[in-house]
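Note that the chains are named A, B, C and D in the order they appear, and that numbering of residues resets to 1 at the start of each chain.
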Amino acid sequence: MIYSQDFINAATALCEAGRFIDSKGWVPATSGNFSVRLSDGTIAITVSGRHKGRLQLEDIMLISADAVSLDGKRPSAETLLHTSLYKRFPKAQCVLHPHSINAMLVSRIFKDELRLENYELLKALSGITTHETRITVPIFANDQNIPRLAEQVDRYIDRHADCRAYVIAGHGLYTWGESVDAALRHLEALDYMFDCELRLNGVNRL
Amino acid sequence: MIYSQDFINAATALCEAGRFIDSKGWVPATSGNFSVRLSDGTIAITVSGRHKGRLQLEDIMLISADAVSLDGKRPSAETLLHTSLYKRFPKAQCVLHPHSINAMLVSRIFKDELRLENYELLKALSGITTHETRITVPIFANDQNIPRLAEQVDRYIDRHADCRAYVIAGHGLYTWGESVDAALRHLEALDYMFDCELRLNGVNRL
Amino acid sequence: MIYSQDFINAATALCEAGRFIDSKGWVPATSGNFSVRLSDGTIAITVSGRHKGRLQLEDIMLISADAVSLDGKRPSAETLLHTSLYKRFPKAQCVLHPHSINAMLVSRIFKDELRLENYELLKALSGITTHETRITVPIFANDQNIPRLAEQVDRYIDRHADCRAYVIAGHGLYTWGESVDAALRHLEALDYMFDCELRLNGVNRL
Amino acid sequence: MIYSQDFINAATALCEAGRFIDSKGWVPATSGNFSVRLSDGTIAITVSGRHKGRLQLEDIMLISADAVSLDGKRPSAETLLHTSLYKRFPKAQCVLHPHSINAMLVSRIFKDELRLENYELLKALSGITTHETRITVPIFANDQNIPRLAEQVDRYIDRHADCRAYVIAGHGLYTWGESVDAALRHLEALDYMFDCELRLNGVNRL
């Protein structure tokens, strides 16, 4: 398989993003998966089972918009969650899914959703221009049946087109953006606000 | 635009300061902004929207003492807060504004101000020679109207000329010093004392 | 003593693993010990008293399957705990024993065992394919009499052949895997889940 | 001034120790000071006011056993605390004084002393061979009058010759050892145990 320059650029960006995300402790063990949509609509995505802090180019594979492997490598079981988001959000060019401990704990403390408001850092989310904004991050039950989980997410977004991220309980966070940099910015901002909410809402007091 | 050696030295120092500050986790996403006053009274300041942990020389721009861009780049919306401090404090040569999570949490736990006393680390603040000192860090409500916020800060300093730092609620910290090193020293010392106060005052128990 | 290439590869992997584990703060001072079983059944193991974050090849020694030094170096007092695990688990090729603060705290908060369930990260443990799994990590009292401690562990595993890790109270964690990478993956996943359990179970409220 | 090779070796070790200690966050701003006793009884010690994470050889100076500058540089105001320890403990070759946040918080939570027992990591302290040991770390009130503070420490050690470290309230920790490595090992082990004690004794619940 000969990969396009577009693929190689995306794969390089994903390897670098992985090192940054791992430096924060957000992808322990071999958890998490990341992807970038290429200009022709195909998707560069992390291969299943690799440590995201030590990604090499060979750990990134190519899939179609419908999650079919185009280079014979095996994508993550959760690939469908990525392709669903790309179909839903035409501007999304990158999807990041870490297992940050703050996302994990948020799902144990807050029931169905987490509301974030009065944070200057909300302005790090594309399109938000004031801290006087409220966003809602939904929390879905974990499910090894990924098509069923994807459908649950889809139904939620049908009703909430402004959704910017979601948490899977006991599992991790999905967020996305119009570029790798934007998705990383969303991730940093969300984890910061999750951390604040946990510390302000008594994680140690269940 | 040809930049002076003075500007290039200041810009280099700001890039390095940014990497240090980001290594502490104090400028998540693209938050924060930093500046240095040059010997001719103009100011080197970070361009809007860049990640402060990955600053390059091109991410630093030149403004006048009145916050007018001198090189056509777009400064941060909060530039006025920097220029106000320089006008107020003739010795200040550097202003640092991170969004550290401890500054954020301080603003949620303490109402109008935070008093710090009995810390040996108070001696890291220029001019303080004993831990038997008490300083007050005021906390202002966040405001997207920066001239109005700057005026609020100004009125406070009218009454408290010994002010060394302030917090904007839900947002971050402003501190300054007679050099980049001094401002960094103030920042490290303040964040350490904020951390202690939070842990001693039950952040998890709101 | 001339070491085999197999030994040198294992020793190199242990030095690298040590730097990774120390970067997480899991082997403070000179605590912890690590080993790899070689293809001929002998074992490469850390020499007593070295800092695990600064291991050099000379800090790794060779012992027999019965914990006898084969190169004249002095192994850790806890070597018997390693050799016992290799005898018990034929597929185990690496044993890691850090003193992570989370393992330490788990032993003070939970009495005899810690149950972990409903974590997506359980899937990082070899052979587990769903978060709908429950594993138990036993906690043994600390004992400077290592043969006695090894026997206690052995008796537990007699009754719980699916044991994947254990904690020694006030001391640290033992985990193992079919390769150095697998053991590291288990370690990262366990520490993450320990951290969650501690934060959710009120470590600050004894 | 021409420095001996002995001095240069000691100074190099102190610079490296500083970088390690700063990487842990234990010497914020320009806090802390470190020293090594040379074979001729003179002492290499950090110059006042430098950042301990960025030490260069020129930031280390030479003093006599009685704290007199031998090279014209200005030592830390706390130098007397170092020389007192060297006089008291003939085997001590290195004294480390960081301002770790855990030492700071210990002094706010525990009154006159902190008892540490049942930690395997106690064995990291020179001469301790079992976790079934109890050590006491005294906590002294902070005092800008260093001779008076030194005398207070001295009187305590008169009665407790097995003292291995002490805390100055609102300030930091002093520990020492028979080499730089030993002092660093003591420091890592103590901070780990301080951290455990704080988390187990409800720092957030004053």
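Going forward, contacts are C-beta pairs under 8 Å (C-beta built on N, C-alpha and C of every residue); 3 or more make two chains touch, one makes a residue touch a chain.
Note that this is a predicted model, so its numbers are computed, not measured.
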Q: From subunit B, count the fewest steps through touching chains until subunit D is reached.
A: 1
**Q.** Set of chains adjacent to subunit A and to subunit D
**A.** B, C
Q: State the chain with the largest centre-to-centre distance from subunit A, centres being mean CA positions.
A: D
Q.
I'd like the Å distance between the centres of subunit B and subunit C, where a centre is the mean of that chain's Cα atoms.
A. 45
Q) What whole-Å value do you get for the distance between subunit A and subunit C if each is reduced to the mean of its CA atoms? A) 32
Q. Of all residues in subunit C, which are in touch with two or more distinct other chains?
A. 203-205
Q. Touching pairs of chains, which are they?
A. A-B, A-C, B-D, C-D
**Q.** In the complex with subunit D, residue positions of subunit B that touch it
**A.** 118-121, 124, 129-132, 181, 185-186, 188-189, 191-192, 195-196, 199-205
Q.
Show me the residue ranges of subunit B that touch subunit A in the complex, using the header's touch definition.
A. 28-31, 51, 99, 101, 104-105, 108, 142, 144, 168-172, 198, 203-206
